[in-house]
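Each of the two complexes below includes chain A, the first together with chain B, the second together with chain C.
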Partner chain A sequence: MSLFSSFAVSAGGMDVERTRVEIIANNLANAQTTRTERGGPFRRQLLRTMARPAGYADGAFLGGGVEIKGIDEDPSPPRLIYDPSHPEANARGYVSLPNVNLVNEMVNLLVAGRVYEANITAFQEAKGMALKALEMGR
Partner chain B sequence: MSADAVKAAGISQDRISTQLKGTSETSFRDLVKNYLSQVNDLQLKASGSIEDLALGKNVEIHQVMLAMEEADISLQLLLQIRNKLVESYQEVMRMQI
Partner chain C sequence: MDCGIGVIKEALDFLVARHQMIANNIANAGTPGFRPSDLVFRDVLSSRLKTSSPEPSRRLEAEVRPLKGPVQLDEEMARLAENSLRYYALTQFAGRKFSQLSLIINEGRKV
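Entry: the complex of A and B
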C-alpha cells in the first residue's frame, strides 16, 4: 500500500534524525575528553546517511527513504592548548583536546530537530489526505 | 441479459446462477475475512509496540505512533467498507418484489 510506504519513509527520516541527535549529544558530552580507549583525545563523530534507491513499480512511485550507512570520525586535527599542569600534557606542555566545535554542534542539533519536525509534518499531511479520502464515502 | 438470450447462447440458467452463487459467495467472504485479519494484524502490531515502549525496550516513540496511525487508518477504512455493506444490504431489503 503506497500510503503506508510514505509513512515508512517519514518514519525512516525520523529514525535518522534521532540517531543524529544521539551522536551530537555524544560529541557534546565528550567535548573535553582528552583520553579514549584507543589513546589520544576524543574525535568528533559524524553520521553518514544514504538515500535508498527509489523507483516506479506497477505505475506507483516507491520512495526509498533514507538509511544510516555508518558513523565516521572527523579527521581534522585536535585542538592544541598550552597547559603544562594538565596530566595529559605532552613533553612541550600542550594538551590535545577533541576537535569538537560547540557552535557547529549546536547548529547541527537545531537542524536535526527541524528536519525531524519536517518529517512529522509530511507524515501528518499523508495521514490527513488518507482521512480526507475516507470522507468521500460519507 | 434476457432469458431468451441465455437460452440462445446454449447455457442453462441453473448453471449460471450456481456459478455466480458459488464464486461470488466464497470470494466475497474471503475478501472481508482477509481485510479483517489485515486490520487485526495492524492493531496487534500497534498494541505490541505500545507494550514494548511501556516495558522500556529500545523502541522509538515515532515508530509506536506510526504503528498506531496505521492501525487507526486501516480501521477507519474497514468501518467505511462496513457502512457501505450495511447500507447496500438495507437497500436490498427495502426493495419491493
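Entry: the complex of A and C
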C-alpha cells in the first residue's frame, strides 16, 4: 500500500510548484505597481516551503513530502527611478518601483515548471510500478 | 518452501521504499536546506562470507545514505528510472515463478 503514499508525496510536490508559479505570476503582474493597499510599491513575494519529516524503519519508508509554510516578502529595497513627471514621484523626483527582477522571476518560473514535470514523472513511475505488480499474478 | 518468492517480495518492498525516497527528494527539490538521501543495500554478503558457516539471510538489509544537498534533479530522475526498471524486472521474474508453480501443480494433477 505504500506506493499510494508515494502518490501523495508527488502530488504534494506538484501542488507546491503550482503555487510557486502562481506567486511568480503575481510578482510579474505587479512588476510596475507603485502603490499597494498598505502604501508604497509592491514587494516581491517568496514561497516558504518545508520538508515533512521522513524516515526508513523496518523495511518501509514513512512520512515524507513537502508543505507550504507561508509567503514571505523580499526585504530588499525598492528600485528608485528618476521620473519627476510620475504622480508617485517623491520630492526629489524619484519613483519607488517594486523590487521585482524580471530575469530572476523568469528563471525561477522555468525551474518551478521543470520540478513540476519531475514530480509528474515520479507519479507516473509509481503508477507503472503498481500496474506491473498487478500483472504479476497473471 | 517458497521457491525464492520470499526474497523477491523483500526486494520489491525495498524498491518501493527507494522509490518513495526518490519521490520525496524530487518533491523537496525547491525546499531550501533540504538534504536528499538514497536507500542502499547494506553490504552483508562480505561479512557473511567471512564467517565459517554462511547462513543464508531472507531479510534484505538496507540503510539510508545521505546525499550532498541541494537536490540534483537529473541524478534523481536517473535513479528513478533505474529503480522502476529493477522493479519491472523483478515483477517479470516473480510472474515466471508463479507460472512455473502453476505448471507444476497442473501437470502433477494429470499423472
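In this section, the second predicted complex is superposed on the first by the 133 of 138 C-alpha atoms of A that agree within 3 Å, B and C clash if a C-alpha of one lies under 4 Å from a C-alpha of the other, contacts with A are read in each partner's own complex, and residues count from 1 in each chain.
Basically, a residue touches a chain if its C-beta (ideal position, glycine included) is under 8 Å from a C-beta of that chain, and two chains touch if they have at least 3 such contacts.
Note that the coordinates shown come from a computational prediction; the quantities given were computed from them, not determined experimentally.
K.L.:
On chain A, which partner's contacts cover more residues, chain B's or chain C's?
P.N.:
Counted on chain A, the partner with more touching residues turns out to be C.
K.L.:
First (chain B), second (chain C), both or neither: which does A:115 touch?
P.N.:
In the superposed model, A:115 contacts chain C only, not chain B.
K.L.:
Let me test your reading of the model: by the given contact rule, A:18 touches which partner, first (chain B), second (chain C), both or neither?
P.N.:
First partner only.
K.L.:
Taking the superposition on A as described, I'd like to know which of chain B and chain C A:127 touches: first, second, both or neither.
P.N.:
Touch partner of A:127: chain B, not chain C.
K.L.:
Taking the superposition as given, does A:137 touch the first partner, chain B, the second, chain C, both, or neither?
P.N.:
both
K.L.:
Which partner chains sit in contact with A:65 here, chain B, chain C, both or neither? Use first/second/both/neither.
P.N.:
second
K.L.:
Of the partners chain B and chain C, which touch A:6 in the superposed model: first, second, both, neither?
P.N.:
second
K.L.:
Give me the intersection of chain A's contacts with chain B and its contacts with chain C, in residue numbers.
P.N.:
Dual-contact residues (chain A): 3, 10, 123, 137-138.
K.L.:
Within the complex, which stretch of chain B touches chain A?
P.N.:
Against chain A, the touching part of chain B is residues 60, 62-63, 66, 69-70, 73, 76-77, 80, 83-84.
K.L.:
Mind listing the chain C positions that touch chain A in their complex?
P.N.:
Those in contact with chain A are residues 10, 12-24, 26-32, 34, 39, 59-60, 62-64, 73, 76-77, 80-81, 83-84, 87-88, 91, 94-95, 98.
K.L.:
Looking at the complex, which residues from chain A come into contact with chain C?
P.N.:
Where chain A meets chain C, its residues are 2-3, 5-6, 9-10, 12-13, 16-17, 20, 47, 49-51, 54-56, 59-61, 64-66, 111-112, 114-115, 118-119, 121-123, 125-126, 128-129, 132-133, 135-138.
K.L.:
For chain A, which residues are in contact with chain B within the complex?
P.N.:
So the residues of chain A in touch with chain B come to 3-4, 7-8, 10-11, 14-15, 18, 120, 123, 127, 130-131, 134, 137-138.
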